[in-house]
Structure formats: C-alpha cells, structure tokens
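Alright, structures below, take your time with them.
Shared between the two complexes below is subunit A, which pairs with subunit B and subunit C, respectively.
And now, the complex of A and B:
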C-alpha cells in the first residue's frame, strides 16, 4: 500500500485507487463491527431459548458485520484526526449502537414502544443502570446478554475516547489518567493515538474474559456471568435480576464484582503497567492511592453509621463496601436498598458519585485527579492572599499540571454544574421532587443511573414518566462522552445544519 | 610539583593562587583573552590561551610533565574531555568540576573511571554544604569538620559578653585541666593572625578559631558567646543552583524554607522541583517584597545570588528588620571584613570549599584541609606514617616552629587535644595548624614520604 502525501489517496493490491475513510467512516465501521461481534455472542445464548430472538440477532449481526467489514477494509487516513470531527464521529458511534440496539429490542418484541426501546438503548450505551425493566429475568436470554453488551460497547467507546482520543485532541494529557510521571512526553500507554486505542481495546477484552471466568468460578451461571461481566467492566450496572446482585446473596460473587468494579474505576493505564510488571510505577500513582483510600474510608464510615441497625457486623460491612464501590465507580449494581440508609450515608454516596473513579477509566464523574488538582488550586489561591508574590504549581502527586490543564479543569466543573442545573430544573418542572431531580441528574451525568428518593429507596426508570426519560437521555449520553465532546458535536451539527439550509436557499 | 588548572573562573583562579603560593608550578589554560589580561595582574602563573579540549593546547601547556590537572571550567563537557586527555597523557591525578546531578555521585562512577576523574568537585554543592554547617552552629563564622567528624574547628568573633573575653589562655586552660576539650588555635586582631601562646589574652572583637572535640561543642559554643538553638525558619535569596540544593536539603531536615528568585521561569521551575518550599517571585533588593514577607521574622537569611551588592544589601536590610543571622555569598572579597560590623554575619565564597578539596587531593595522606580567605593559616589533618620521623615522639621533641600548632590527635576514633607531652604513634590522625608555606614540610614530617 503506497501513499502519496499530497493527494491522500491509497491504492489496493491491483493498483486501483481507493478512497480512504475518515473519522466518521471508521467510527461507524468500528461501532458496527463490534456490535456484530456482540450480537453474535448474544445470539449464541438465544439458541434453544427463543427462535425469533435468535433470527433477529443473527440478521442484525450479519448486516452490521457486512457494514463494518466494508468500511474497515478501506485504509484509514490518520491525518484526518482533527478535534471537532473526531469527537463528533465518536458521538455518532454511540448513537449508532443505540440505534442498532433499538432495532433489536423492537424486532425481538422485548419492548413494544419505540421511545421505550430508544431509552433503554441510550441508557445501555451510556453505561447507566437506569433500566425500564422492573424484572429483567423475564426477558429472553439473547436479549439479556445483548442488553449488557450495549453497556460494554459504551464502555469501550468511553475508554477509547478517554485514553486514546481526547488526550491527543487538545485535551490535557496530564488529565488522561495513568501514573503521573515527571516526564510528560512519555505516556504510560503510547505517545500516539492508534497504538493507544489498540492496547486499550485489548486490555478491555482480556479483563472482560477474566471477570467472566471468575464469576463462573464464584458460582454464577454462564448466562449471568457473561451478562454481569459485560455490564461490570464497563461500569454499566445492568443486571439480569430485579434485585440486581442481591439476588445471588453470595460473598464470593460480591468479592469478584468489587474487584472488577474497582479495576474498571481505575485507569486502564494501570492495567497496562501491571501487565508489563511495572509495579513500582503503579505505586507512584497518587490519584490511585487517593481513590483507594477514599473507598476504604467511606466503606468504614458508612458501616459505622449503620452499625446500630439490626443487620450483623459482617453483613453491614459487605453492604457498605459493595455499595461504596458500586456508586463510586458509577456502576450501579445493588445488593441492598441504599436509598433508605442513614442520610449521612446516602449523602456521602452522592458526593462520591459526583467524583467517580480515576482519570482514564471507564467510570463517569469528575474523576479524582480533578478534585486533587482543584484542592491544590484552592490552596494556592489561599496562599496568594498571604504571600501575594508566591509562585506555586498545581501538582497531582509529584507531577505538575500545566496552567492550561488547570483552566480545563475549571471548565469541566462549570460544564458539569451547568448541565446539572439545567437538567434538574427541567426535571423539577415535570414534577419531580427536589431530591429526586438533583440525585437523578447527578446520577445521569456520572453515568450511574438510579437516583435517591425523598421518601427513601432507589428511584428507577420505571418510576419516571416518558418526558422525564427523554430529558435524561441526552444528559446520560453527554455524561458518557465526558461532556465537552457532546457540546462540540452539537455545535458542529448545528453549523452543518445551517450550512445545509443555506445551500438549499433557506434564509433567515 | 607541576599543576595545570583549566578555566580561570572564580574557583580556578583561587586554586591557582593557593597552589602557586605554596610553591607549585602552576599553568592556567583559559579561553577568554579578556580574562587572561585580568589574570596577568592577579596571578604569578604561566597562562596558556586556548581551549582545553584541544590536545595541541594541552601539549603547549606541557601536559606530559604534569602531576595534577584541575578542570574547573563551568562546562561539564569541557572538564570531562580535559580530564580524559590528561588521563591519556599520563597525568597522575585529576580533579574534575561537574555540576549536572546525573554526572555526579555513585551513579556516574563508571564515567568517572573512564575519564579518570579522581575527585569530582562542585562549587555550588560545596557552598550549600558550608551554609548547612554554619546554620547548624548559629553565630559561628567558620566551621570545619575533621577526623571523621570527631574534631571540629569553630571560628567566631568574640563579643564583649563572651565568657572567654578578658582571660589569658593559661587561665582558661587551668580551669579545664587536665581534661582539655578544646584549644584556641588562632587569634585575628586588627587584621593580623597569630598562633597564640599561653600568656595571650582574649579581647572583645577578636576573631578566634578553636579546635574542639565534637562532643564538647555545646560548651565551647557557650564559652565563645555563640547562640544555641538551630535556626528554624530560613529565607534563601536567589534561586540558582546553590539555592536549590540548599533549599532541598533544608526542607529534608524539617526547616521552614522560603526562596526568592527574580526570573519567573526559574521561579516556576523551583516551584515544580521543590515540594514544601514557598517560592516567591521578585528582586531580593526590593524592600517592599522583603517587608511584605516579614523578613525580620526569619531565623536566618542567606543571600546566594551572583551579585555581591544585592547579596550585601539584602542581608543588611534583613538584619535591620530583625533577622537573627545573615549569611552572604561574596565573589569579590576585598571588603568582606567591613561587612561583619555592618550586619552581614557571615560571608562565604564559592572558591574556598572547592579549593580545600583540591588541596586534599594534592597531598597524599592528607584527609582534610581547611583554608581561610582572611589569612594564609591552614588547618590540616594527616595520618602519621609508620616510617615517619614523628612516629613515637613527643610533640615537644619535634622542634616545631612557634607558629605551628598540633591541635588534636585522634587515635582509634578517640580525639585528644594536643599538649607538649603528647606522644605520637603511627596511624594517629593529627590535626595541625600552620602557615601555607610550611605545610609541605610538615606533612612530610608526619607522613614520612
């Protein structure tokens, strides 16, 4: 394959000129191809369970597979990797998976209404656990696996975006997660986007397989193991049972899931370093240390807050630790009804939910690196009052964060607050209570899903009206793509629309 | 002895001066013609114009017959190459100035071996260490550690209130007899330095040097009228390399450190590198900045910039504002004795500490050297050789000149103060005080070579 720099054209083996695909093509190609793989796996579970499901899954898989293959056969032109189109293309990828999923739900008859199917699909790709199914176990096996697979696909997209794309597209590499090192030019994963994406994908697949096997060993059935592995490594949180993980009531399963969720909430760069046996480098990761310390302290704190309730000491600790990890990694698995716990406990969970996991992970939220950075920033401002001419840099652990990145941290905080305020406002207008409106919004932005009810208990999608779900859909999706890519895509889409209207002669 | 000094900067010039004063044959290689014109007035040495990385220049300087090479330019690369050439030409000993941290220390041992660097010196590091020593002994103007830190030389100016003032040395000696822990080695009065005898009286305003056992230092400090209690809050003026090394060491020891530099870029770098140090951006002679930061509340203020006048002014200001101790680095030394009365407690020069190390390498068997900028008195530590003339003799039988003093004898790690009837044995470490010109002869007496 030869390439001339000027014309950006490629030739195939027989010498014919092939037009390379850009970011949109490759985004659609990847989304279709990965969906096809997941649909095929899902269809295997439908064999002998539901023939209609099997046929639908296979047909959609074939269509997706062909589309993906047709697109990905053509060479990719890396020079097209410009910020706004790439981010817009990534958002399109998410929407495409949601569309495929909507078709699957409707064609299999799992969901009857288009808006419900679309909602469930968006909740899936945005890795939120806010499902409309009160009892998912009534669904067919193939659809159950596919439902978890939509979260897995959303997770892949998110982690590629977080580690493989955003750091290279004018984002902050220091904020991309991974061990913080002093030499900024040497990233943990790669200094170029494509190898980074490839490695991230490989890590994600291997981890999913390992978690599946671990769950089977811990005593889950194969169907449940696959479904939960897919929805756990993506911090999604869809379960196959109405009581979520509480259904199994097994310490072994909970332990496996806690470890898997903690891993999903930490940067993939750590997995990469562990794989390379670079333990020393991992130990230096300040953000990871803070994250794990917060998990430990919060679990103990919540356990202590509930120590006088009638549950036993060990059961209390199990519930506290599992819930803290599930909420903090924005997964949303449940083993008990945390919404009705001591207000101190649920408030702490809400705060943890805002922050989420570490940078470069699948989890949503602000991420601990920003909290650490902002704390340093605030400390610096206080010190400036005392010493007006002091010079101080913002550091995470031992590595310095550039002033540009500090600015971006501020911007990200403002994005989250603005989106949260607007969404809560609209939910309030639709008649949600103050607590529900705020917790649901935070939960949606952080991609966990369920909110906390005022009267106790966890708010699920079944409690929401259709207009409310319609409000939450874009919020969840925006949260999943780390906010600003969504804003940029909307802007890019709007300007494209204006251009199109002008070209057909529409004037203001 | 024939010595080539590469680079006639501050350190190189001082080393050349010291060595030529002691009778060595010194050749200086310098690249800048302007600097050579200055040197001609300053030094009584031969000068070769050229770059020391050029083997022909080295030949012209007579590298083949040279015993010692001191590569002291400010460029690590030039120094390394000069050392390598000297090694290839068979020069016996090589002293190399290296500044980059990666080129120093045990990590670079293989590199040192390859270029034949016997001794690596770093003036910035040496200044930082000198300041750290001085801070550990507040009020002292000179500190030297000898004999594996068993013996200490403390230099101080006597205030009227010091217990020693108004007493003769024999009176002081009688009070401590027979377990003497210290000995007064030199007295500097009205610009003249002498090695005192028993009937000398100490007066207020004298500069004295006392050699003492390290464990008796607290008592000696008290008798000299020096402060106790280590400085806690320290302000470092000037964020150059020395300042950075010093600030890092001080923070590691638990001090509260503030550092000021006037370059924004450098201040940012310092903020990056130094955790737990307050970095300020500003000029050290900007009175409003020093006032704003309440410089008077600091226990010690250390001015380390490259500009003497700025260092002096900042120290004077700090002293007036109430800072307990002020230390200034000076590059030109003519007026330094005036400053002590004005309010700069201690002045140090980047050249002495490095020069001491060079002198140590120059003489086999010598383990420590302390020289002074004020006079030509040097303090040496040597090991008594098996076949030396001093082995087995009493000090009074050695026939030493009246201005030479054996201050301490360290045997098996235990220090004793030298008396007329003390007997010397092989392997003893002897700390002696002498004029620079006598040192060669004396060290031959002790080492036997």
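And now, the complex of A and C:
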C-alpha cells in the first residue's frame, strides 16, 4: 500500500507553506470538534445539577475543541480520498468519540469499571440502545445529555459515511439514497464529497432542533426533550427513563416521535430536496413508497394479530404503529415489551429489523433498496429459467442498478448472515439461550436495541455478562459502519502492523 | 379448438400438431408424466399390500387396495391417451415435475386416510405424512408410530425410497422419448452441479443412478440384517430411508430403539455416503477414486462434517448437559462421540433419524447447549453435496456464495481487477453464479415467509424457524418442543402444518419447479384466450 504524496502545497495568510492533513487527521479533528460542541451543550445542563460533572464536561470540551480547531485549520485536499484509508479513518473517528465518552463516564463517576464505560460508549456511538443502565434516571443531567449526544455523533458519522463518503469511494451510488432517476448525472446532495458532508451536517442540526421544540410542545421537559431528540434523530434509542417512552404514556409525544423516526429513517437527500423546495424530484421515491407501505401493512397486521389480548383497540394500534416504526428505523424506543407479544408479531418485527430503513438514512440494517434489488434479481432469474436468453436489468423505480451494485448487495447480505451466525455462536458459547443470542445479534448488527428471549421479555445489556458485552461491542460498531468498511479497516490495520514489524526488522 | 390429447408432434411454430390438425392446449406432456408417475407407485403399493395381508396384527389391506386402484386407474387414464410429443419445452418441465409430485403425494396419502392411521377428516395430516415421505424429509405427525400395521408402515418407508431418487428420474429410465428433455427434467427434480452425463443417453444416465441407489440400499439392508438387532423387515425398512436420507422409522424411538452402536454406525455411514454426489460413486465403481478428492464440494462436505463432529463432541463432553428434569446427563467421551456423530451426520445429510433412547438422553439434541443447536441449524441449512439424495441448500452453493462475497471486498480495493468467482480451482461462469445467488436468496425468502406464516398461527419463534428450515431442507426434526423425541403435532394449527407441507415440496424440488409450475397452464390459458 503506497502512500500518495499530496501534490498540492498550501499557504496560509502570511505566505508560509502549510502542510495539509490526511484523512486521519481530518477525521480526528472533525470528531473532536463535534464532540466539543456536544460536550458544551451537555455541560450547560449540568450547571445546576452536579459540579463534578460540570467541570469534567467543560475540561474535556476544551481539550477536544482545541484539538479539533488545530487540526481543522489545516487544509484538506479531497483528491486524496482513497477507499481503504478513508474508511479506516472514519472507523477511527467513531472509536475516538467512544474513547472520549469513556473518559467522561469514568471521570464523572457515572460508571465505575473501564470496560462498562467503554461498552456504554460504544453502544452510544453505534446508535444501538443496548444500554447497561437499567434505570438511567439515576444519572446526572449532564451525563444523560452527553449519553444521548454520543448517539447523535454516531448518527452524524454514519450518515456522512453513507452519503458523503462511501458513494464516492467505490460503493454503490444507489445507496446514497434519494429519488430514483433514469440517469444519475446529478446526485441529490452533491457530486463532490465535501459539499455533501456540509449539507448533511446542516440538515441534521436543523432537524434535531425542530424535533426538540416539537417534543417540548408535546409535553416533555427540556432535558428529556433534548435527550430524546438527540437519540431519535440518530435512530439511537437511548432514553432518560427505564421504561423508555412508555414512561410518558402520551399520544402526542408518541406521535411526534413516530414522525421524527420516520423522517430519520428516510433518506437525507429527501430532506435536502424538500429544503430546496424541489418537490418534483421527491415524487420519484420508489424505495420510500415501499418503506411506508410496509410500515402501514405491518402495523395493521400486528394490530390484528394482537387484537385478542386484553388491550384496547386504540392502545393496540398505538403500540403496533410505534413499535413497527421504532423497529423498522432501528431506533429502539419502547412503549411495550414486544418480545412477549404474539410470536407472529415479534417474528415479523425481527425480520423487519434485519431490513432496517431506507438507503442514505441514519438507520441501520440491510436497507430496503437492497431488498428491492434482490427481489428484482430473483424475479429475473425465474424468468431466465423459462427464457434462458432474455436480457433484463434490475431496476428500482426508474433507475437501473448496475450489475456491480447488485453483486455488492448480495455480498452485503452474505456478510450480515455470516457475522450474525458467528456472533450468535460466540454469544451462545458464553451461555445465552439460542433465541436470546439470535435476537441480540440481529439487534446489534442493525444497531437497534434490546432483544427478547424464549419467555419473551426484554434482554438488554444489563442482563449480559462481561464477555458477552465485549463480544457485542465490535458487532455493534461493525453494524454501524455498514460492515465492509470495518472489515477493510481491520485488514488495513493488520497489513500496517505487518509492515511495521517488517520495518523494525522482524523477519520470517 | 381441441384438446391435444392425441399422439402428435410438438412443432416450434405450429405448436402441438397431430394428424388431425393444430391443437391449442399443450398440456399433454405434463399429463402424460403425471399419469406415468402415478402408475409407478403401484408396485410399491402392492409390496406394502402383500406385507399387510401377511401381517396378523392389522387389517388395513383395503386402504392399500383402494390406493392401488386409484393409482392404476387415474394413472392409466392420464397416461394412455396422451403423449409427450417430440420433446418438452422449458415450461413443461417444471409443470410436469411439480404436478407429478403433487399427484403422487395425494395418491400416497390414501392408505393413511382410508386406513386406521388417520381418518378422511384428517386428510391434511395424511397428506403431511405422504409429502414428508416423498420429499424424504422425515417429519411426522404421528403420536404413536408402532400402533399402525406393518404394511402401512412399510408403505411409509417406500414413499421415502421413491422420493429419494425421484419419480421423474424413474420415468426417464423407461421413456426413451423423454431423452431429449430428460436432462432438464432430471435437473428440475434435483439439479446437480453440472448435469454430469454418466452415459451418452440420458435414459442410461437415469438407469445408472437408480442402479447405484438400489445398490446402496441392498448393501445397507444386508449389513443391518447381519448385525444383532434388526430383523429382515427392519433392515429393509431402515435401509430404504437411509439411502434416500429420509429418516422415517418403524419405531417410535427411531434408531434409539436398538440402542446399538453397530446399527448407528451402519446408518451413519449410509447417510454420509448418500450425501455425496452419486456421480463420484459411479466413478469409484469403475475404479476411479480420484473423483472424491478432486471435487471441491465433496471436500468441503467432509470437512464440515468432521469439524462439526469435533466441535459438538468437545462441547458435549466438557459441558454439563441437563435433561428435561434438570439433572445432569452422565456421558463419557464415547457417549458424547457416539451421539454427536450420529446427530451431526444425520442432520448434515438431511436424514432425520434419531438415536435418542428417550427424551432424557444425549441423543435428544434439543438438550444440547445453544451454540451446538445453532451449529445444527446451520448444518440443516447447508445440507449435502449436489447430485446426492440429501437436501438443503447444498454445499457448493454456500461455497460459491462465500467466494462471491470475498471477491466483492477485493473489488473495492482493486476496482478494475478481474476476479472470477471460483469453486475450488475452476472458475464459475457468471450465469451460474447468478443462478446460485438467486437460488440462495429465494431459499432465504421462502424460509422467512414460511416462518412468518407459522408464527402467525401462534407457534413460538424457535420451533417455527427451525421447523421451516427443516422442511425446506427436507431434514426432519426441528428444535425446541418439535425435536427428535417429539413430533410436528406441536404445530397445533392445521394451517401451520399445511405451510410446512408446501415448504417440504418447494425444498425437495429445488424451488424453481414449484414456483414456475403454473407457467405452462398459464401460457396455454393465455393462448386459449387469444384464440377468440
């Protein structure tokens, strides 16, 4: 792996040449800067609450801010974007935020053991809701907000990766989401990574603010509203209460959250188009239509399956709709323990969990565009059995998906299944039951939240032993970065290690 | 407009042509094959009838007589006036295979429904038992197997014997005119890696396959009869379901009835051999043993089996396995090895026998620890090699899928590189790769759909998903409360059992036949509509 030297030189205002930073530097800088912003916001909530928290948050914020500022002042040349280093740098960004978060948890005393703090940080950054806290309301306000903020940061990172980086690094353009067009000469967000990243960040911030205000209007307190907005827009799922959203028991709040989750599960490109008032483009949204149709049908089906139990009609529909949206967008907010529902309902939810949200959104899972693409592929193969010489293309809506992209879609499915099988096996070896292992693994790869067991109920990280949590950490992170960047990063790390060992003279 | 049920030619442009002129319906080949398959059931039914007659403990002869009459009459009526014409179109292949199997299943269910096993009211359970037989699955909805007569039970075993190699392959052996379409017919019933021709003419190939199949059955019969335990009836019965990797037994506790490691070893070897491509056995009979080591998927099949046995034996030996009351089962290394080997091989080759000496023995794999149950589930999905009588998604497809996935990652690093998908050393053409990936995706989709339907009727998750996988892979037992010492009456809803019946058929006929079975009638119907 050769390093390309930056061909351009930069100079700052006084005419001295400035060395540009590579992808690693900019990733670290970006992550630090954003963390600093979030830490500042969290510290604002800790003001009246707990002095130790406040001091820790402010100190860490200052350190991160300075690092970020120092790194980001250096110019960055986008022509230096190559697939493997960029993906590795992105993964490093996630790990850095997790490390910052670990330090915060340990320093404020919220968590005592290092591995627990690391686990909670990784669960945050990977936007899963597999928390180790059975009762989060015992934490201080600042830490609560920071906890949700880690999810927000993880979501930002993931969506930047999905929309701003991977399509330009050899991934499929289709997975950047957005409306389907016959020719992809103009992507919805941008044809270059940096403007796309800027726009994504802007949309994200605006949407979070809007959701916060809406939640306050719906009846939540400011702290709860901020925390839940942060964890909803990132489809993370951390809550400030043990019963999650069930604590509030309010239709208004649930309605706001359902709309917010649906929006978070839709592609960022649509938000951008709506902002630019480009309504015409938004109509060609086959994947989005499929997604919404599935939400509607699943809600009705689950509602019908559960109509025999002792809940009322409207309560049943509330629970069905909220849970379906929460699971399909891989958020993880709960108003009822869906693991103990009718097995038809919980199995359907498990299958929907594997699929996840739409492409180019912040939710996890395989994405509906891959399912649509694979379904078309299967149809084509069936037709080929009858007409062996027919030529058909795989289409989503109006846009054709290239054969390479179809290959990658299938490969992604193989990765998910392999990772799922291996992780379930390891979890089982550490003592989990079969159903628990399978549901936890699926939940971790799709970055949703708790699983369920044979007897129903919720199996969260609080019920797991330490080795099991250690196994789930890399699984969650891999799931968040869409699997193959994690594989490539590990490969790159391994080959860098081999190169380093060779350079210090370790010979075979 | 006339029905084309006379002898005639299948012309490319004119359609089905007889001496009297053009005909609009082209269902003749399908009907002909359906009739022929039903006629083929008659000898098996007669054998079962003879045994039932001779048996003093039961008198279900009239049920079998009824079945023989229906098979001969219906089969004859469909077969005699029709013909295949000059050859089969691609559409007709799938319809023929699918409808033959459905017709045979219905005829095969008549002895169960008319006799004392089930009643006519429970025809769906009779159909379940029949389909489980023909598809060589081995799941049962009988609470007490031994209650039934010797002849009826022998018919149950014979259905698996038929289904292992296939009725359509049997048809190809006797119908020289099917030579042209025979290869695709055989491929539709059980596609192999490449339809290896064992002989220049397809009829010869089909005959050779059946000869090898019969040979294996005879060898296993002899071995089972020689060892202490099984009598001749038992030996024949179990040999038939071993060669077909079916798994039906005439005893409630299956092979656990004998509690003999000799019997289990013979059955294990028989199942393992039947999970390997029959083409390689043919070559071995001609003294060419290199085929086994050169075939990539055979190597992987052996490798998977050995690794699985090692893993399960180790964990069963080291970990405490608790029985249904919570007491620890006392097993030494040999006990763990025996039970692990038997269950791994029987599931890996889609057999379905059980060597549990009761619900509290180590042979009852639902007691094993969760990672081992997951390993068993994965073995169920993977199945055996292509060109064998075992089920599952087949080892070579998994190999190709992995190779394909790894290649995708390589292409990210080298976007302009040319990296072919390989099976062992040989590159696989892209069309085949797509077909394999399409098959795997469809397999997964149908399994998930089946699971969703079964859970919607109220069955729990673990039993439903393992039941659906077991049916699609033609395995036999499931996990949880539908395990090897239980039966599929656990699925209380009749709809759930019907879903399993459909899954068993879809899985046995390698998906495409059932999914495309209506294409010929649909095309004929469309032509009929457009004639006006």
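Some points to look at:
As a convention for this text, the second predicted complex is superposed on the first by the 500 of 508 C-alpha atoms of A that agree within 3 Å, B and C clash if a C-alpha of one lies under 4 Å from a C-alpha of the other, contacts with A are read in each partner's own complex, and residues count from 1 in each chain.
Quick note on the criterion: a contact is a pair of C-beta atoms (placed from the backbone, for glycine too) under 8 Å apart; a residue touches a chain by one contact, two chains touch by 3 or more.
Keep in mind the model is a prediction, meaning the values are calculated, not measured.
In the superposition on chain A, contact is made by A:400 with subunit B only, not with subunit C. Subunit A is touched at more residues by one of its partners, and among subunit B and subunit C that partner is C. In the superposition on chain A, contact is made by A:351 with subunit C only, not with subunit B.
In the superposition on chain A, contact is made by A:389 with subunit B only, not with subunit C. When both complexes are aligned on chain A by C-alpha atoms, subunit A residues 387-388 touch subunit B in the first and subunit C in the second. Against subunit C, in their complex, subunit A makes its touches with residues 83-84, 169-171, 305, 342-344, 346-348, 350-351, 374-375, 377-378, 380-382, 384-388, 404, 407-408, 410-411, 413-415, 418, 421, 424-426, 428-429, 432-435, 437-438, 454, 484, 487-488. Taken in their complex, subunit C has these residues touching subunit A: 90-91, 94, 369-371, 373-375, 378, 401-402, 404-405, 407-409, 411-413, 415, 434-435, 437-439, 441-442, 445, 448, 451-452, 455-462, 464-465, 479, 512, 515-516, 519.
Residues of subunit A touching subunit B in their complex: 383, 387-393, 395, 398, 400. On subunit B, the positions that touch subunit A within their shared complex are 264, 267-268, 270-272, 275, 278-282, 289, 292-293.
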